[in-house]
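Heads up: the structure comes next, in structure tokens.
So that you can tell them apart, the chains are marked A, B, C and D in the order they are listed, and the count of residues begins at 1 in each.
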Amino acid sequence: MIKLNLNIEINYLIDVNGADFICNIHAANTHYQVVSMENLHINQSIPYRIDKDLKHGNRYLRFTALPGPLKIIYTATIEVAHYRIRSNDLMEVPVRNLPLSVIEYLYPSRYCQSDRFIRLAIKEFGNLPQGYSRVKAIQEWVRRQVTFTQNVSNSNTSALDTFIEQQGICRDFSHLMIALCRAVNIPARFTTGTDYGANPCLGPPDFHAYVEVYLSGRWYIFDPSGTAIPMGFIRLGTGRDAADVSFATIFGNVQSQSPIIHAVAVEDSKFGFVAPYYCEEALSTDDERPLPYNPSGN
Amino acid sequence: MIKLNLNIEINYLIDVNGADFICNIHAANTHYQVVSMENLHINQSIPYRIDKDLKHGNRYLRFTALPGPLKIIYTATIEVAHYRIRSNDLMEVPVRNLPLSVIEYLYPSRYCQSDRFIRLAIKEFGNLPQGYSRVKAIQEWVRRQVTFTQNVSNSNTSALDTFIEQQGICRDFSHLMIALCRAVNIPARFTTGTDYGANPCLGPPDFHAYVEVYLSGRWYIFDPSGTAIPMGFIRLGTGRDAADVSFATIFGNVQSQSPIIHAVAVEDSKFGFVAPYYCEEALSTDDERPLPYNPSGN
Amino acid sequence: MIKLNLNIEINYLIDVNGADFICNIHAANTHYQVVSMENLHINQSIPYRIDKDLKHGNRYLRFTALPGPLKIIYTATIEVAHYRIRSNDLMEVPVRNLPLSVIEYLYPSRYCQSDRFIRLAIKEFGNLPQGYSRVKAIQEWVRRQVTFTQNVSNSNTSALDTFIEQQGICRDFSHLMIALCRAVNIPARFTTGTDYGANPCLGPPDFHAYVEVYLSGRWYIFDPSGTAIPMGFIRLGTGRDAADVSFATIFGNVQSQSPIIHAVAVEDSKFGFVAPYYCEEALSTDDERPLPYNPSGN
Amino acid sequence: MIKLNLNIEINYLIDVNGADFICNIHAANTHYQVVSMENLHINQSIPYRIDKDLKHGNRYLRFTALPGPLKIIYTATIEVAHYRIRSNDLMEVPVRNLPLSVIEYLYPSRYCQSDRFIRLAIKEFGNLPQGYSRVKAIQEWVRRQVTFTQNVSNSNTSALDTFIEQQGICRDFSHLMIALCRAVNIPARFTTGTDYGANPCLGPPDFHAYVEVYLSGRWYIFDPSGTAIPMGFIRLGTGRDAADVSFATIFGNVQSQSPIIHAVAVEDSKFGFVAPYYCEEALSTDDERPLPYNPSGN
């Protein structure tokens, strides 16, 4: 079990009309990622609400900010005890056995136009043995094709662009990997969190984007940009692609500052100190365990 | 109340490997669209299953087809008593009051890149009074810009393409209207059904694509292509755009024939015969009535 | 006659491999834009060559830069006596009468995908009386649709993007206007020069991009971004779009600084001082006066 | 020397307004491709004109068709004695030595967005030895990536689309190869002609699209789709991409029929009968032999 202290601070200057916010900065609270303590501070005296997306476990902080400075500080202690499994034991789930709630992650989305990658994906990955190793092969392919480069992509950049221009950041790597998985009928989704142990060349700790792939009835973590240690990720939100998951969706005119993020492993009174490390096993923080599909049981 | 008899027949030739199907040809069963009788016939002796998407009411027929001919016949009697309201009474719901389940219909999707239309939509529609009339104005704008033309668009065609090339079919009109609604923060979704009373120039009855927009706490029907009588639509599925909703998603190699569809109004023993007609009121077949957002109740 | 002193300074830092340059910073020398004096200074002792594109009058400075700092200073005195004509006298030239050398400016190019705008252009401009006023109407339409905004477009941005996102700089305005002209069979080309009298809000004098349209047998200046005084433009290069015309095309790795540009009207000993002003007449600096097309003369 | 008889018949039905045509169905007449006899028949009694593009040797038949049926028959006897050279002797020409007239074939165009392929092309081909073998490697790469498939691409399809979807026809193969060549600074252009010896599975003889690449001071033929025998190609036109070169550019409303094309090798009284065959040597039909670039000669 890994215990992490998380600290997120975001700052805005709101214009005279105020602005509505939908923030996804709360750590997901699942059976495998337990938020043991959390605290939210907003510098404005305004009502807020936290909506929980029961399907994904995402939590959304919603409020209407007043004109002027807005500072939000979220602190939490999170205990992550991943569901771990020998990666080679993981199998792809045939489409016929996928639960309905997972089917949408087979379909193309705004930034993951999997429909256009079908021929490519079949050619590159169609003959590989199915299972974890095939997903790994897709991840490695993306990592070979794309070079981590900042300031070359933007909020318009999609998997198509990244495939052509072969550069981008974690968001772009993730979109391309997702598109390729879906193109060979492997459900894949976009997940945001905080990174851990990122290469210091990339700057201070930051929000991170990675991929979850549905194998053997559960969503497993993949980190196509390879810039951080997956075991240290704290999951915030998950969705079809970056269109669904943003740490702050803002309706109004505001000036933004860069978020300030700290995520550090700390000692647990019972389990002691465990630092996240690269491991061979597959990791999941996901609760979703739908019943197996049983056609004859209709 | 309108009573409709629906008959859908779809035919395929499946190759030697068989094929998995996810069909959305069952009429949605809601409080306002009641399926009073239905029957499904598949020519192959195979197990099947019907999954229900609780969020939208979509029903998915799932099975694995054997090699050879496949014929599916779905017949149903549907009683549609729309929720009807004076359209001018309908108001937009401020983002802050939208239920979480509706928020995703504000975000861009595969074929509705609303993020790229924001400036345009604000310029064209930003100063109009909010409410039903604004949505109507968006629909009329789409109808003026786009000419109904068959065989010029395909499964790749998105709202961007339709906006530029200004031609397409019901699917394309719908994608463009949805993108523009979302661009001014009005939730909009893509709905499939069967048409009714379509201009005979457009050929025999067919599957149809139209739009549902969230106003005053409910999803209301809009038909941007204007090719049929909304009161006669039988809703099959709804989703973010055509990527989510297809009458048949097929995993495998098959040859397809055009579907054969009949939807006719029939006499009801109690209410008599009512033919669908163009009406001024707004229509909804949607059950979803989420509780109002109440921030102070946090 | 307007006499202008032009001063262009560009600075680079060349890496250890050196770099090949093709610069288009020499003022075009035509019957109507006479370069009476010019001087080129390069800080490196390297051979160079000036190639002249006989079709357009563009002059290209070509050299191979050595590693280290590179400074190029071009100074010139230019006497511009535009070919001027009452704009309402200008007529469109039917395709059948266009000289072959002009035909390519009817075709789509990298950033001006006129083929995709045909329906739109016909709808918006197809019924307008042909001639100068129609081109003016296209220019005004672009100016209404697009808002001058810096730092939102880049070297990938095409007319399609500008049409959708409705913002950009002089390059983007020009691409969109060109695409729309070509879509209704009016030859249009992309021209670079130096601006004059630009709104000080837009910063210091800079390179400028504008449009030349072929009417009544000659290329006339249009300035869709409307940010400067066309009479003061000094033409450098012209081509199908920005892919063809760049003040510096560089093959190698270099660091760039912003160019420093001065263009000022000065007193002429004979004609005195004339400052550029907005005028109603149409202006051309173009020499090209092909013979009229005469089919029977074959 | 190969002697070919060419017969092209094209048929249209012109609507009541007539239509302007610019046809490029005349064989190019160069030092290496000599048109020894030709005949043009138009069923309408209308004036026409043949414009010659001096730069490329393209010939354009221009006329205004009257309402009603239009039939054009072009017959010619063409003697092709390619400039032939051992392919391994061909070298790339450094940008600094390229003649100005060739430079435009380094730049991106409507269907060959070479600017977006730079990273990819450098990664795949940047480390290969320069020269003919590198161009060959690009051709082979395109042939491996793309599968010849009819009816999946259209007049909008660009190199980007073909790269992603990996299927298309000769036009699409050519656009992708051109884009990749330009991305590594090798001039490449789009050439149309008639095919010869095409795989009968692909249907009757047809217009063909292939590539010319500038090596060692001359344009050499490459056939990325590999569907026919290059030695039997009769060159009609050449340009930056398909936007520039069409066998018929039509301004007006017409109904088209498929062109009927015959190209057969025939016996020459002096040289006898030589059928085109696949050969190892590089082939050119191009006249253009610009003087070498000589910077010190400025």
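Things to note:
The criterion applied here is as follows: a contact is a pair of C-beta atoms (placed from the backbone, for glycine too) under 8 Å apart; a residue touches a chain by one contact, two chains touch by 3 or more.
To keep track of the chains, here are their UniProt names: A, B, C, D = Transglutaminase-like putative cysteine protease.
What you are looking at is a predicted structure, and each value in this text was computed from that prediction instead of being measured.
With centres defined as mean CA coordinates, chain D is found 47 Å away from chain B. One finds 30 Å separating the Cα centroids of chain A and chain B.
Counting only residues that touch two or more partner chains, chain C has 116. Because contacts link each chain to exactly two others and close back on themselves, their graph is best described as a ring. Contact annotation for chain pairs lists A-B, A-D, B-C, C-D, with touch applied as defined.
Within the complex, the chain A residues that touch chain B are 20, 22, 47-53, 60, 62-64, 94-96, 100, 103-104, 107-110, 113, 115-116, 155-156, 185, 239, 243-244, 251, 293, 295-298. The part of chain C that touches chain B in the complex is made up of residues 116-117, 119-120, 123, 147, 160, 163-167.
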